[in-house]
Each structure stands twice: as structure tokens, then as C-alpha cells.
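Each chain carries a letter (A, B, C and D) given by its place in the written order, and its residues are counted from 1.
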Amino acid sequence: MTESRHPDYRKIYFVLLALLVISVAGPFVGIRWITLITAFGIAVVKARLVVQNFMHLKWEKRIVKWMLASSLALMALFFTAVAPDVMKHSGRNWVNDAALAATQRGIAAPGAEGGREGAAAEPAAGAVVVAAAGFDARAAFSTICASCHGAAGGGDGPGASGLSPKPAKFSDPAFWAGKTDAELLKAIREGGAAVGRSATMPAWGSLYDEAQARALLAFVKTLARP
Amino acid sequence: MRASRPIATTRSATGIPTGRLAVWWVLASEVVIFGGLLASYLMHRLGHPEWANAAAVTNTWIGAFNTLVLLSSSFTAVLAHQAAEHGDGKKAARFLLFTMIGAATFIGVKSFEWYHEISEGYTITSNGFWSFYYTAAGLHALHVIAGAVIMGFVARDAARGRELQRVELIGIYWHFVDAVWIFLFPLLYIAK
Amino acid sequence: MAQAAAPTHGPEDRAHAPHGPQGLLKYLWSTDHKVIAMQYLFTGMAMALVGGFMAYVFRMQGAFPGRSVPGFGVVTSGQYNALITNHGSIMIFWVAMPILIAAFGNYLIPLMIGADDMVFPRLNRLSYQLFLLSALVILASLVVEGGGFGGAWTAYPPLSTHPAYNLTPLGASLWIGAVALEFVAFLLGGINFITTLMNARAPGMKAYDIPMVCWMIVIASILFMLSVGPLIAGAVMLFLDQAVGTGFYDPARGGDPILWQHLFWFFGHPEVYVVLLPAVGIVLEIIATFARKKLFGYKLMLYTAVATGVLSFFVWAHHQFIAGIDPRMANIFTVTTLLISVPIAELIFVMIATLYGGSITLTTPMLWALSFIAEFMIGGVTGIYLGASGSDIYFHDTYFVLAHFHYTFFPIAIIGGFAAFTYWFPKMFGRMMNDRLGKIHFWGTVIPFNFIFIPLFITGIGGDQRRVFNYASFPGQAHLAPLRVMATVALLVMLAFQIFFFWNVIWGLRKGPKAGKNPWRSNTLEWTTDSPPPHGNWPVDEMPKVYRGPYEYGHPDRDDDYWPQNLPA
Amino acid sequence: MERLIPQASSYAASVDGLILLITVLVGFWFLVAQGMFFWLIWRFRAKPGVKTQYVTGEEKHLKRWINIPHALVLVCDVVIVIGAIQVWYNIKLRLPDADASVRIIGQQWAWVFQYPGLDGKLDTDDDRYTTDDLYVEKDKTYHFELQSRDVLHDFSVPVFRLKQDAIPGRTITGWFRPTRTGTFDIQCAEICGLGHGVMAGRIHVQDASQYAAWVADARPASDQ
């Protein structure tokens, strides 16, 4: 075992405790930059004391210092290069609408209890949903459903070739035999697996609410051929 | 060269004992694991001033108490190292025991704190701040638990005077866990 | 008794062979670095067969969409996505890394630096066990309910985080779990490699006497260690998003999907060099041996490799030029990306220069090593198109990208792997392989390889997107269909020729002539012990000492054209 | 390039020009290196009785053979970087004045296009929507606002040499100027789930009269 020196650990310990007291007391001054210094400046000093003396980095070979320094430097690099995309909410030719909206909501309603469960009703994915100027079931069908179920509901859309089991044929009367509205609505909003049919039928509940799903179902019924 | 196996483990071309070298490499990789998480947190925190509302809920006094506990446990860990280097395994084991008690206190206080926060409705899914809060502190707590368990084995050996060099190794790891908390404390508790 | 191989136990136990009649469990429990290397090697090969089968299935679908694939059936779009995702993940994480780094790193480092084992044999064993577990988890993820994860190996959220979007909640969670487990396994392995090389070198072996392949594996391990950390943190966040419902990457809840891309590529780009460098090291060893030449500028090459490694941390966002990062950042990353071509070009030049003045024998391993250089150059130069932001607008995520990285990964993992396997086979099993079968296998692999990916370069230039299971929806690409068929046919030919490899291995193991200690008349230390080396590598009192560098071929003062490292002057 | 895929936007030719520039510079080095490589293999094949030369690679006159190409590669890199940044600046950073605008919304697995209608403003009552078919006029500069409803998508028009990811929660602005009439493919170039392979759209570039006819046909969104 190599000989390593031992400083007076008790002294260092008491310095650490004193620093802890300062960092807790800092915010009571109520000035932002003082808080930042007492919080993070002191954290750096404390960590340095611990690393240098308790971990004996002071007496360690140079290569170890290089190892740790390079991992820290890499993290600084990571932060610098990623912050323009993640920390900033807008840049050249792009805007992070969702983050800006979240920030505004949070600042407008500081009493939102710091994010208590259910306190802030978040909108569904994509705060920038197209203006829902009246729901058009036909357009929705051709947008979403037709790629597999076919433009005329024949189960022959371009996506159908690769699917197994095959997508439902709405034009086929056999499909409608014994189906209830509740079951079909469930299939639209919760996916095929929810009603024991093909799991490749996705759940559209995030896109269509109950009323829209009903409108969609009403349209799909018009595709049935006698 | 005395002919006995294993040979590789006993060589030391760098002059640093192999075990200690390995611990430093473990820590270098831990630095980037925690670094990646904390860098991500920092970006979000700076980009979302509204998270201050959530941060205001955390209890600085509990955080400060836990910092005190970890600093003290680090102190006893380094005293254990000193004792081990003087060949006093019994004393080293006793100091390690103090450190483990510190770890248990830390985890106990942490569970108490989390229990209260969760019962008040602040869970990991509440919002971004709370997600990072539970993830970062949780990852750290896992390190505390793992360190304490390993320390138990080291202390058992040390009490019998065996593998005394391991007291230093677990100590280095423990101080690292301490240093991580030194940064987590202002990041999660003080900055409101 | 063999169980007592742990380093804390008595010395006499270690003489026992770790594997024997005690069965498979004992074999799995061995701490001998050679046994663990074999475990990695054969697990990697088995996974390569799985990955190869996947390639067969989705290439068949790509060429003949909608037809039933023999041995699989009709490929649905969900299955197609799962196949390409797991092909990519398996080939990189469960084939390239275990074979190049873990298997040959484990096998070669202790032998080449004259040690009896790794410095932490039990940690080594744990590393393999975790790796095996991760391999089982990824295989399990393919057959769970809902099917395997289909969000591509980059696993961009929100597709990878929301079950409603990816429809494979269980597959996605198992996938991220397997990847994270694999990272931990390689972290443990990497620590072992690094400390072994740093500390356990034979007496007399200075830094510049270390064989290049050891350096390369260790540099790769360091790169891996320093880059994977953020992704482990990111994987935890991704897993929590999937399993608990946090919103780290969910824009509607204050998260950011771009963050994952950065975390992923901060690891993902150095990862390319993590697998490249060991392959380069392997090729250098083989070239030096069969050209009977000292490497052209040992230090130059070492510094170049380090420079490549350092630069590789500065280029990651070139994978994200058009992925929504701020366009101003793209300029910076274009500059750094093209800068990295300088050390890579240097590396290639030095490899070529090593041939100058040599005496080249084209054995099977040498053919593999030389073809690595030739093929990798194609991968290297096509990378420039993608690193330059302006042309990447067009090429991003086309088949051009796909062909480009297969021209890097195929030479690295497959050619490099075969080169190493054929070169060290005599050492590992004590018998020679058949040169004629080896050459048939070589040409039967390398020629079809070019016929797979050159057509795909052209389809990429023609605008074919990756990860499209059926081009029926894109009439503008219809004229490229014959090229897709050509690539698939070439793949079938290449897969068929792999039979010669397995035939050769079996022939070599059963009937191959005895290899002796040093069949290639090479300098490095692993050739100074028996083939296969005994447990402990050398008798306890005959551990080698090192007197010179590893590449002293054709030294003017000697009659022999080689000069082993351990011969006293 | 032209043979494989037509150029149909104002900047397509500049992208192809950059690709050609890279091909020339890189192709030269590639041929030199491969030529040297195969020549060396042939020239220094093993011959009985010929001993290898002992070259350490430290000799100045030999090192030149590495260092000079090395410097030249760096020069080529600089040329490529300048070219690449010019093209990139023109397509992604610059935003020329718009004649018209359109909002492009990706969702699993379709494209929705929102046109400003007659008043030229988005998000008003006369906005028009189409799915999977985008109608634009030749020789007009378009600004697009790219959004996504669910996962990442990528709006890619190969004939325009245009590609940009759509990210949920963000709006990314870009531009294009069609220069050739016809109907071309729109692809999704970022894996977006099961239907990624069928997430196709078509862009109809029309001349002024055709486009005017299409606009005259315009009705409110609900009649689509």
C-alpha cells in the first residue's frame, strides 16, 4: 500500500459544516446573485475539499486527475452544445411552442401548487393542434383510416398488403353482423386489441374525442354495401 | 519474481494499486452518468422559470440535514481509512459502522420526506421538476444503498484484519456519493 | 476445485482447467479470460446469425414486397419495423462489440502483455453474465405480446415512449432494458481492460512496446466509458417515460424529444470509433505479420488514434442536422465532422505505408485485413457527403446513409471479425484452418458484399428512404426496384457462402494440422506459449519478460526476419 | 443525379453541385489511395530470398509521403466545408421573402396541409385543408411551418432536395421555390410507427393558370 498523507480531517470537517451553514443561510438574504454564489459557489468549494482531501486526489498521480477532468470537461461540452436546442425555446427558424406555452401557463398561475398531481390540466400532445373548425369525418377517414382500410372501406388501402390479420372491410356486410356501436367506438378510441381484434389497429383516443369518434363511426357506416 | 498466482492482479505498472485505479475509473464513468442527468436537468431548469414554483415546495431543512449526515459519514469513512492504513482493522470497522449508520439515517430521512411529498400529491409524474427530482435523488439513493451494502462486507473483513486496502476503496466511492449530493442539494433544494 | 479460481484463493487451485466434465454450469462460472473470451465470441456469432436472418427477411420484403418470405412468412409492417430495429441493435451491441472488444480484448490483452489473466477475473465473469442476460432479454423482446420494438435503433421519442404510438409497450421496455444492461456489462468489462493494460504489463514492457491492438481496444473502452454515461441516464429517463409515465421527452409536459437525440448521439458517434479502433488494431497486427514489416510510425499511429477518439466527441450532432436542432449549430458540427476526416485519412495512409518495402504473403487472414482497408475507404469517403451539412439535407436517412454505414460497420465487424478469427484460430484451438476453404469463404463474402451495398448507394442517391417496408406508396421511386432486387440476391449469395466458414471451422477443429506455438512466425507474446494456452497462460516461473517493441520484423542485425518481444538481446 | 431524380426546386441544383464537388475532391483521394494500395500489394509481394526493408516510419524523407497528402486533405476539407455551409445557409438559415405560405402538419400516418385561403393568413375561417396532396404554384417562394401532432415525422421532397424533421410541440419554418411542374412524391423520412412506409404524399406543382383554377375551386375545409 502506498504511503498517503493524512491532513487534519477534523479541521476540514468543521470547515465543511461552516460552509453548509452559509449555503443554507444564503437565500435568507433574499438577493438572487448572493443565493447563487452561496448555493453553487459553495457547492464547488465543498466538493473540492472532499475530493482533494477525503478522496486523496491531492496526492494521487496525475493521470487520475486527467481522467476526472476529462469526464467533467465532456459534460461541459455536452451542456454547451445541447443547451441551444433544449434550454432555449426558440432559435433561427424554429420555435418550441409547447415549452413556451408551458412556461407562460406556469408563470401566469404561480398558485398552481408547484405541479401537484392533477392541479394543472395539461393539454393533449401537441399544443399546436390544427384549429378544429368543425370536425370533418370524411376528411379524417381519408387521412387516417384509408391508408389501411381503403378509400372506400374495402380493406384494401396501401398499408393493408403488409398487415396480418387484414384490416376490417367496412364495405362487407359480414363485418357489421353482430357489432355494437359501443364495441366499434372502443376499437376506434382504444385500438383493436381492446376489443380482441388486430393489435395493429392503433388507438386514436388521443386524436379524437368521444363525439368525434361517433362522427367517424357514422361516416364509416355509410361505406357498408348491402 | 516469487512464483505464485495470480500474477496480473498484483502488478502495478502505473504505481497506483490496481483496485484504486479501477475505483477511479468507476468514478470517471459515474461522473458522466450523473453529469448527463444533471446537465439535462440544468437545461430544463434554466429554460423553465416556472419550475421555481415546484422547487419552492421542497424542504430545505430536510435537505440540509441530509447534507450534514452525508458529510459526517464521509468524515468517519476517511477516519476509517486512516485507521486501516495504520493497520488497525477493528478501529476501521468501527468507523465504517458509523458511516453505515449515516447511510441508514440518510435513507430514513429521505423516505420520510418522499412519503410526505407523495402523499401531498407531488409524484414523479406531476411535472418536469418532480420527474427530475425523484430520478436524480433516486439514482443517488441507490448509490447510497449499494455503497452501504458493500461497506458492510468490507467492514466485516476489516474487523478480522483482512483486505484492509479495501477500506480506502470504499471510502473513495463514498466520498464521491457525498460530492454528488453536495451538488444535488443546491440544485434541488436551495435554488427556488 | 475449479470453482476456486477466484483470485483470493490459494495458488494451486488455479492450475486446474476451469472447464471439464462438470458441465455447462461450471463452464459459465469460469473466470479464465480465455474461456470468457470464447463465451463472448460464440454468443456474438450466434447473435450474428440472428441478425443475419433478420437481414434476409427484411431484404426479401424490400425486394419482393408482400410476398411470403421462405422461412418466415408474410412480413407485416410492424414486423418489418421490429426486424430492422433489432437487426441494427443486435449487430452493433450484440455482435460488433462483444466480438471485437470483449472477445478479442479478453483473449488478447492478457496474452499480449504477458499476464496470466485479467486483473479482475470475477468482474470479468460478471460482465459476461450480464451480457448474456441482456442478449436473452433482447431475444425475448422479439416474441412478447405486441411484438418487438419497432422504433429504429435510435429509439427517438415520442415514438419510443408512448404505447399509443409504437403499439409495442412491452417490446420497447425490454429493448431499452436490454440495451442498458448491455452497457453496464461493457462498462465492467471496459474497466477491466483499462486497468489490466495500465497495471498488469509484463516486466520491461513500456508504453510503446504494447501491441497496437491492445492500445486500440483500451482507447475504445475509454471512449465507451466516457460517452455512455449520459445515455445510461437517458435510458433511465426513457424507461421512466415508458413505464411510469413521466414526461422527460414529452413536449406537451415540459419535456423535449431533442434531448434524447443529443444523449443518444453523444454516445452514438463515439460508439462508431469504439468498434472501429479495435478492428484497426487487429488489421495492423495482421498486416505487420504478413508483410513482415515494422508498422510505419508506431507513435504517429497511436497519437492519430487518440486524436480520432478525442475528436469523435465533438461531432455527434451531424446525425441531427435536419432533426430540428438549431441550424446555426449545424455549421459548427460540419467543421468538426470534416476535421475528423484528417486523422482517419492519416490512419489509412499509415496502414497503406506499412505495406511499403514489405514481403507480402496473401494468407486468408491477410486477405481479410487488406480487404478491410479497401472497403473501409469506401465507407470513409462516403461519410464526407453526410458530414457536409448541405448535401446531408438530401442524403439524410436515405439508403445512401444506410450503405455508407454498412461500408464502415461491415468491414469493422464482419471483415475485422473474420480477420481476427482466422488469424488467432491456431492460437485459440491449436489447429490450423484450411487455406483454400478460407479463401473461397473470403471471396464469397467480400464480392457479394459490394453487390449488396453499391446498388443501395444508387437507390439512396435516387431518393429511397430507409425503413420503408413497401415502396408501393412512392411511385417516384419505382424505377429503382431492380437495384433492390439485386442487393437482395447478393445478400442471399453472401449468406450462402457462410456455410464454407462453418465447414472450415469444423474441419479445422477436427482435422486441421497441429499449429505449434507460432505458426505465423509473429513477434508478440501470445505466440510464445502453447496453442491453446494453458490456464494461467505460462508456467508460473516462465512468465515472459519484454525486451523490445512488437513489430521488429526484418531487423538488419538479424538473420531471422522476426524478433520476438521476449527474446533477450 | 439528374437521371435518377429530377431537380424541381430553386436550390436543388446547388445541392447537386455540392455533391459533385465532394465527388471530385474525395474521388481523387480515393482513387489515389486505392491505386497506391493495390500497387504496393503487387510490388512488395513475397519473393524468395528478398528480405523486408526495415523502415520505422520515423525517417524524414519517408514521413513526407504521409505529411504532404495529409495537409492536402485538410485543404480539401476546407473547400468542402465552405461549399457545404453556403448551401446550408441558403436552404436552412436564410428565409427569402415569401409569396405564399402553407402549414404542414405530420401525424401518424398522413400529412395535413393547411393553406391560408384567400386572405393570405393562416388560422382564419377561410383556411383550406388537404390531406396527403399539397398544391403549390410554380416559381413562387413558399414558406412552410412544419409541425407534428404525435411523433417525429420528416417532411422530405426528394425532387426539391428538401428535408426537415417535424417535432411535436415545435414549429419549424423553412422555404422552397418549385421550378418544375408535375406531381412528385412526399416522403416521411423519420420512422413514425407502423404506417411509416405508407406515409406518402404527393406535391402537385402547377403553373399559374392551373393553380388559379384549383384556388377557384376552393371551398371551406368541411367540404373537402
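Please note the rule applied: a residue touches a chain if its C-beta (ideal position, glycine included) is under 8 Å from a C-beta of that chain, and two chains touch if they have at least 3 such contacts.
Treat the numbers as computed from the prediction; the structure is a model and nothing was measured.
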Could you tell me which two chains share the largest number of C-beta contact pairs? C-D
Using the average of all C-alpha atoms in each chain as its centre, how far is it in Å between chain A and chain B? 28
For chain A and chain C, what's the span in angstrom between their mean Cα positions? 32
Pull out every residue in chain A that's touching 2 or more other chains. 70-71, 74-75, 78, 82, 86, 88, 92-94, 96, 98-99, 102, 125-127, 158-159, 162, 200, 202, 206
Would you please write down the residue numbers of chain B that are in contact with two or more other chains? 14, 16, 21, 25, 28-29, 31-32, 35-36, 39-40, 43-44, 48, 125, 127
Can you tell me which residues of chain C touch two or more of the remaining chains? 77-78, 80, 158, 167, 226-227, 229-230, 251-254, 256, 258-259, 266, 324, 327-328, 469-470, 473
Identify every two-chain combination in which the chains touch. A-B, A-C, A-D, B-C, C-D
Chain B residues touching chain A - in the complex, by the definition given at the top: 14-17, 21, 24-25, 27-29, 31-32, 35-36, 39-40, 42-44, 46-51, 53-57, 60-61, 64, 67-68, 71-72, 74-75, 77-79, 82, 85, 120-123, 125-127, 129-130, 164-165, 168, 171-172, 175-176, 178-179, 182-183, 185-186, 190-192
Touching chain C in the complex, chain B uses residues 1, 3-9, 11-14, 16, 18, 21-22, 25-26, 28-37, 39-40, 43-44, 48, 124-125, 127-128, 131-132, 135, 139
Spell out the part of chain A that touches chain C in their complex, as residue ranges. 70-71, 74-75, 77-78, 81-82, 84-86, 88, 91-94, 96, 98-99, 102, 122-127, 158-159, 161-164, 191, 199-200, 202-203, 205-206
In their shared complex, at which residues does chain D touch chain C? 1, 4-5, 14-15, 18-19, 22, 26-27, 29-30, 33-34, 36-37, 40-41, 44-47, 50-58, 62-63, 65-66, 69-70, 73-74, 77, 80-81, 83-89, 91-93, 108, 150-152, 154, 156, 158-159, 161-165, 167-170, 172, 184-185, 187-200
Where on chain A does chain B make contact in their complex? 1-2, 4, 6, 9-10, 13, 16-17, 20, 23-24, 26-27, 35-36, 38-40, 42-43, 46-47, 50-51, 53-56, 60-61, 63-64, 67-68, 70-72, 74-75, 78-79, 82-83, 86-89, 99, 102-103, 105-107, 110, 112-120
